[in-house]
Amino acid sequence: MKIVLALPLRPFPAALLTALVLMLPALMLPSAGRAAGFEELVARLPEGSYSDRAEVIEAIARTGDPRAAEVLGALLEGSLHVRKADGRVVIIEKTDAGTVAFDALTGEALGAVAGRSTEKIKVNNRLRGMLRSAIGALSLMSPDRETRLMAAQSVFASGDPANIEALDAALSAESDREVATALAEARAVAILNTDAPVEEKRAAVAILRARGDAAAQAALAPHASDPAIGNEVTAALAEIERVRQMWGVAQNVWYGLSLGSVLMLAAIGLAITFGVMGVINMAHGELVMLGAYTTFAVQEAIRGAAPWLFDWSLLIAAPLAVLVAGGVGIAIERGIVRHLYGRPLETLLATWGVSLILQQAVRTIFGPNNREVGNPSWMSGSLEIGQMTVTWSRLWILIFALCVFAALLLVLRRSFFGLQMRAVTQNRPMAAEMGIDTGRIDALTFGLGAGIAGLAGVALSQIDNVSPNLGQSYIVDSFMVVVFGGAGNLWGAFAGAFGLGIVNKFLEPWTGAVLGKILVLVFIILFIQKRPRGLFALRGRAVEA
Amino acid sequence: MARLVDRRMGVFLAALFVLTVALPVASSAAAGELVPAYLVSLVGKYLCYALLAVALDLGWGFCGILSLGHGAFFALGGYAMGMYLMRQIGPRGVYGDPVLPDFMVFLNWQELPWFWLGFDRFWFAALMVMAVPGLLAFVFGWFAFRSRVSGVYLSIITQAMTYALMLAFFRNEMGFGGNNGLTDFKDILGLDLTAASTRTGLFVASAVALAAGLLVARWITASRLGRVLVAIRDAEERARFLGYRVEHYKLFVFTVSAVMAGVAGALYVPQVGIINPGEFSPANSIEIVIWVALGGRGTLVGAALGAMLVALAKTLLTGWLPELWLFALGGLFVLVTLWLPRGVLGALEDGLAQLRPARTGAREEVRA
Amino acid sequence: MDRRSFLKTGAAASAMLAAPALVRAQGAGPIKVGVLHSLSGTMAISETTLKDVMLMLIEEQNRNGGLLGRELQPVVVDPASDWPLFAEKARELIEKDQVAAVFGCWTSVSRKSVLPVFKELNNLLFYPVQYEGEESERNVFYTGAAPNQQAIPAVDYLMSEDGGSVERWVLAGTDYVYPRTTNKILEAYLKSKGVAAEDIMINYTPFGHSDWQTIVSDIKAFGSAGKKTAVVSTINGDANVPFYKELANQGISAEDIPVVAFSVGEEELAGLDTSPLVGHLAAWNYFMSVDTPENADFIAKWHAFIGDESRVTNDPMEAHYIGFNMWVKAVEKAGTTDPDAVIDAIIGVSVPNLTGGCSTMMPNHHITKPVLVGEIQEDGQFDVVWETPGLVVGDAWSDYLPDSAKLIADWRAPMSCGNFNVELGRCGGGA
Amino acid sequence: MSGSLLYLSGVGKSFDGFRAIDNLSLVVFPGELRAVIGPNGAGKTTMMDIITGKTRPDEGEVFWKESVDLTRADEVETARLGIGRKFQKPSVIESLTVAENLELALKGPRGVAARLFGRRGETEAREIARLLALVRLEEARDAPAGSLSHGQKQWLEIGMLLAQDPELLLVDEPAAGMTDAETMRTAELLREIAGRHAVVVVEHDMEFVRALGCKVTVLHQGRVLAEGSLEHVSANPEVIEVYLGR
């Protein structure tokens, strides 16, 4: 009866209160009655407004019925439907054969169902939150460690005092330290929402202070004005804030690096065509776009043919993107750029024309809308380093960018192709004398730059639009990076990209995104005055424009 | 010393004159509107583009300064004029505020920002139309040329300049109407902008401005200074060792060209009825370069021609085959750079030159 | 653009060519309808679909015997996302092609750019997109939502218990007029509801902003103050995908911090994996998921027309559907396509919308619409979780902006004024 | 050194490690004709760059008429002081006519305004005619410089140099790509010029240097290896070693 006693004393949704009052008879009765209550409640799920549904859910949770977790879970995932014909509540399962239904209570298989014959029992955000907490409470004792951890966290999020004894029970049974901490923290939050004795609350505050992240902050903040523990809470909050400030800097650096890696990917190909060959390839952005669309195409194919391959889609797409973009690049070089060497400005115009054509071509083939490129599981979500959120996608992109850069250095420094390439760059006639097919080298160099643009596209498809406008949004930035870093020098592009990335990210909090970007541009303009050939100027004939 | 008006210039100016007279007449009610009235403003717009192209050609064709940011000067001129036109609306804005433009009212600005002061007077606006782009070009050029930023690097930072300006003007705090820009103009110098007579007036003004622009550019390039410019374009080192302060010459040309662009923008805005940060977009500036390349770099008249041709193509294609418009434009760029290195005009004159024994055609090409 | 509708456009275009440029009076022969949507450039991403819808509607109307016994003929032009070109094309449509009405524009700036043209040449523009309001013109009909038909109800919902009784607000938008105005209105509205200034965070980003790391983490921090927090997003089309991807990756779920967007519809979600976004909201006057016979029929027709079952429908498409039918009805009522007659006839015209009700053209040239709040589902569709009990009348002049609160619009005689100042008791401004 | 026109002492310059000029000293007197020879990479061109202010030396002093510090001047200033330079690769303005090229070079105001409003005067026309005759390009007067033969371009450039009427001419490999006849003619021309102008000629071609018959300075690895009459230097074992060595 603890619950009932606790009831009036807690700040508690009126709906829930009535729900419990309504449940009292059920609680009095032995298990049979409970079961009945459960079935009756489930039957009532489809009816009424969201608020009504909220009550029912709370009630179901209270029953502690073994089937509750499953039913609520189904409701949460939206697979709990009601059969239009007889209003029977069923759980829908999508199989290769088609959709089949099971009775929510008995689990009896009801065979295949036609699309419109059942209707989904809708939930909204509020109900979802409620469900998670309820399921959490119900699965605190689950044998699976992960489940328990998840449960503890969702209970933490709900901060619902109703879960306290469930938590106590779980805590006493828990062996795993991590889970135990999670449980303790969840309990602490719940405690704060009760009128437990001050010492107990102090202890709770201490626990949360130890956790010291945004969630803890959120849990503590409302109690700052509590006369009893106000001081402890404010102190704890201040402490947490201080720690988060420190992490904030690290976070900014990370953001800068991440942005830098994107810039570098976009610009590095340009650094080759523009830097090494002195060719201004305005279609560079569109080559990036081609890479992104290749990824899209690959994923489409996979979705159709072999869904289990999806996590590999990027690895499959990468080489293809290099081929596609590289191929187009070589075509551009052979078809157009080749005739314009030594006339960089004309090249600029011609390649701009190419970019327009590529854009419209993609628009005609794939349509003007954004295309969906999914994140493979290993690229979605984020990991918490202390107070710092590092999203997997961006982490992988950073790593990817560094690999590309390293590989490129290797090719240019070590490979025979690289040697020939540098020879052609340094002294074309001499290289020709030595029997190097300069034309071929030019084509390959350009192709290399284009191919890398394609790779960039694969990466960008993970964090940005895949639309015909993709290229446009990066071309200007890429040029800034190359010019700032100093053409003809990969390290220049490297330094340029990360430099600009970090500067940008440290400016953003102060000036806002728009002004930050403007300031960076102005900075570049002024910087070029000081070093007209960029950060790492390449001496020699290579980049004379 | 070449004549100020050579054959090429003469032909073009004559044609321009005929157009200027014929079009308004033909579209007038008196002539039973032989051509739809909207052609007047449309062609007027083309003429502004032409002037802009001439401005760019002066810098690129004769001094080798490829600016990928000339749209910025055009837009600034346009904004200066736009601000005047906004002030002209006075209390006729939707909120009936005597001073503040509508966009300031509903973002509840309390008073007019300082940089809007004075724009209620035409002479001041007209001055700013030239002063603002001129000043920007002067300062920018002074930095860039003094530290010998040249070629591609110069082009890229001019692009950075216009890009930065675009972002800046998109910001609503700037007080230029943000993305919506300045629009809903009522009248200029007390004349109703929608009146046919005003349209014709603006059209003629554009034609005159174009002619003037061509003559000024021609005068500069045909003068002894013009030869220094060519020297700088073809052999900058040489010019220096001959004792010419290259940066001064570049600065002069760049500034003049920016002022021209500003004037073009100022005439453009009242005819299209809107100015918005989109005009600053790097793509626009690149398109200007295309006009010049298409018409024939370093030929002035060719630049004007190129601008009008592309604009015309845009008008027609976006009507006929919308989906093909970008293909066409893109293809044009490629073809011209590959097969018409001297542009349409160059090709044309080569054709003529072959017909005529005299090499004068080619000679002037060389000199110009 | 797929081949099918491409051919159609081709046909339409060539038809337009064939038409002599100097036809004066609208005798018999086809009635021309202008379609003014960008098919290239940055806005093509949103506008191309609307062009297709118009072609579909016109085709259907012709199958049902056209209008006034005359065939309707679409005239498609491409303003190429270039604002001055919008004005030029509008002029061309009206003067050269003699269209009876124009359906088009997406961005506010494009509408602003063509406005003077429509006023001067006295023609009709049907504008199908939600916008910032603060406008009511004699020649323009706003079939999209005004702020009070989208933003304010959405906020009401979030403040309600079902919506999670939100107390702390992030107003995030792209830095242009629609978000600025909407946020000004919302700010005023929230304050009127007793929300403290420190519980409102306003943030603006440039167009096509793609690096959302900082802002998303700011939102996260802002949301950790212990009060229920929600984000009201007026972020513009292209920037949304990276924004939502960042949200998902930083693990901000709709239960922690729901995001309600006014510019994100089915089309935008088509470019996203929505499973991490389940529960985030959007407020519109139409969702593809709405279960009504009209809607089912519309979707079926759309799929048939576009020849692609996977294509989605969205709110601006419905707006065109409503707008077009209103125009048709008004023309039939007036018995002519003459703009003045239609302008008089169309007020009060009521046509079924796709959500099971009827929308009516109001004297202020805005229409009545239901407001729906939907939650994103795994399948990229929205589940309607809330809707206004009745239809909401579009409000041209917001009551939450000091200077526009004084204004009302009524285009019926005798007032026939778009910005009547109730304080001064006169038709203010020049309009 | 008293009366010197150009005075270099202890000049050094290196490009990322490579020592192009190393403790170089050189003195040229007014009206003197001087040949500078040396193998590739001996620093001849770098020396000229330093004199004309194109490159700043790392150390050492460079003085013009014992008073003006050339290490602080840039190309334009040195040009205006009266140092003319002819490049190894003939650099004339190809799209201008021969006459226009000379007219550009003529001594006179270099300011923007002056050029914009100035007109070509009688004296200038006469001067141009004289120079055309001197470099034997009368009939090519109105041809674009681009259409000239290599040798003619060399002469045109020398003509432009003279048009500047400098006190010191730096001439970089004038005979390169010339027929023997032209080479001799050029040598003759330079000897004529010398006296009124000081001339420093950088050359590989020993025949040409002999034809100049003047004091010779041998550069090697950025240093002066030997100096004196051609006979004297060519007797110098080090010089022989250097020349045979390569």
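Here the chain labels run A, B, C and D in written order, and each chain numbers its own residues starting at 1.
One rule holds for everything that comes next: contacts are C-beta pairs under 8 Å (C-beta built on N, C-alpha and C of every residue); 3 or more make two chains touch, one makes a residue touch a chain.
Just so we're on the same page, UniProt names per chain: A, B = Urea transport system permease protein; C = Urea transport system substrate-binding protein; D = Urea transport system ATP-binding protein.
None of these values were measured; they are calculated from a predicted model.
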Chain pair showing more contacts of the two, A-C and B-D: A-C
In angstrom, rounded to a whole number, how far apart do the mean CA points of chain A and chain C lie? 30
Provide the C-alpha centroid distance between chain A and chain D, rounded to the nearest whole angstrom. 66
From the mean C-alpha coordinate of chain C to that of chain D, what's the distance rounded to whole Å? 73
Measuring centre to centre with CA averages, how many angstrom lie between chain B and chain D? 44
Two or more partner chains touched - positions in chain B: 167, 170-171, 323, 325-326
Spell out, as numbers or ranges, the residues of chain C touching 2 or more other chains. 1, 6, 39-40, 175, 204, 206
Mind pulling the chain D residues that touch 2 or more other chains? none
Answer with line, ring, star, complete or other to describe the graph linking chains that touch. other
Strictly by the criterion at the top, what is the full list of touching chain pairs? A-B, A-C, B-C, B-D
Can you tell me which positions in chain A touch chain B when the two form their complex? 274, 278, 280, 282, 336, 339-340, 344-350, 352-357, 359-361, 363-364, 472, 476, 479-480, 483, 487, 514-515, 517-518, 521-522, 524-526, 528-530, 532-534, 544-545
Quick check on the complex: what are the chain A residues that touch chain C? 49-51, 78, 120, 122, 124-126, 128-129, 132, 157, 214-215, 217-222, 244, 251-252, 255, 258-259, 262, 360, 363-364, 367-372, 374-375, 380-382, 389, 391-394, 462-469, 472-473, 505, 508-509, 512-514, 517
Which residues, counting only chain B, touch chain C once they are in their complex? 33, 36-38, 41-42, 45, 89, 91-97, 102-103, 105-108, 167, 170-172, 177-181, 183-186, 193-194, 268, 272-274, 276, 278, 314-315, 318-323, 325-326
Seen from chain C, its contact residues with chain B in the complex are 1, 6, 9-10, 13-14, 16-17, 21-22, 39-40, 76-80, 82-85, 87-89, 91-92, 95-96, 107-109, 112-113, 115-117, 119-120, 134-135, 175-177, 180-181, 184, 204, 206-207, 401-404, 407, 418-419, 421, 424, 428-431
Can you list the residues on chain D that touch chain B in the complex? 52, 74-76, 79-80, 84-85, 87, 91-97, 100, 103-105, 110-112, 115-120, 144, 146, 160, 164
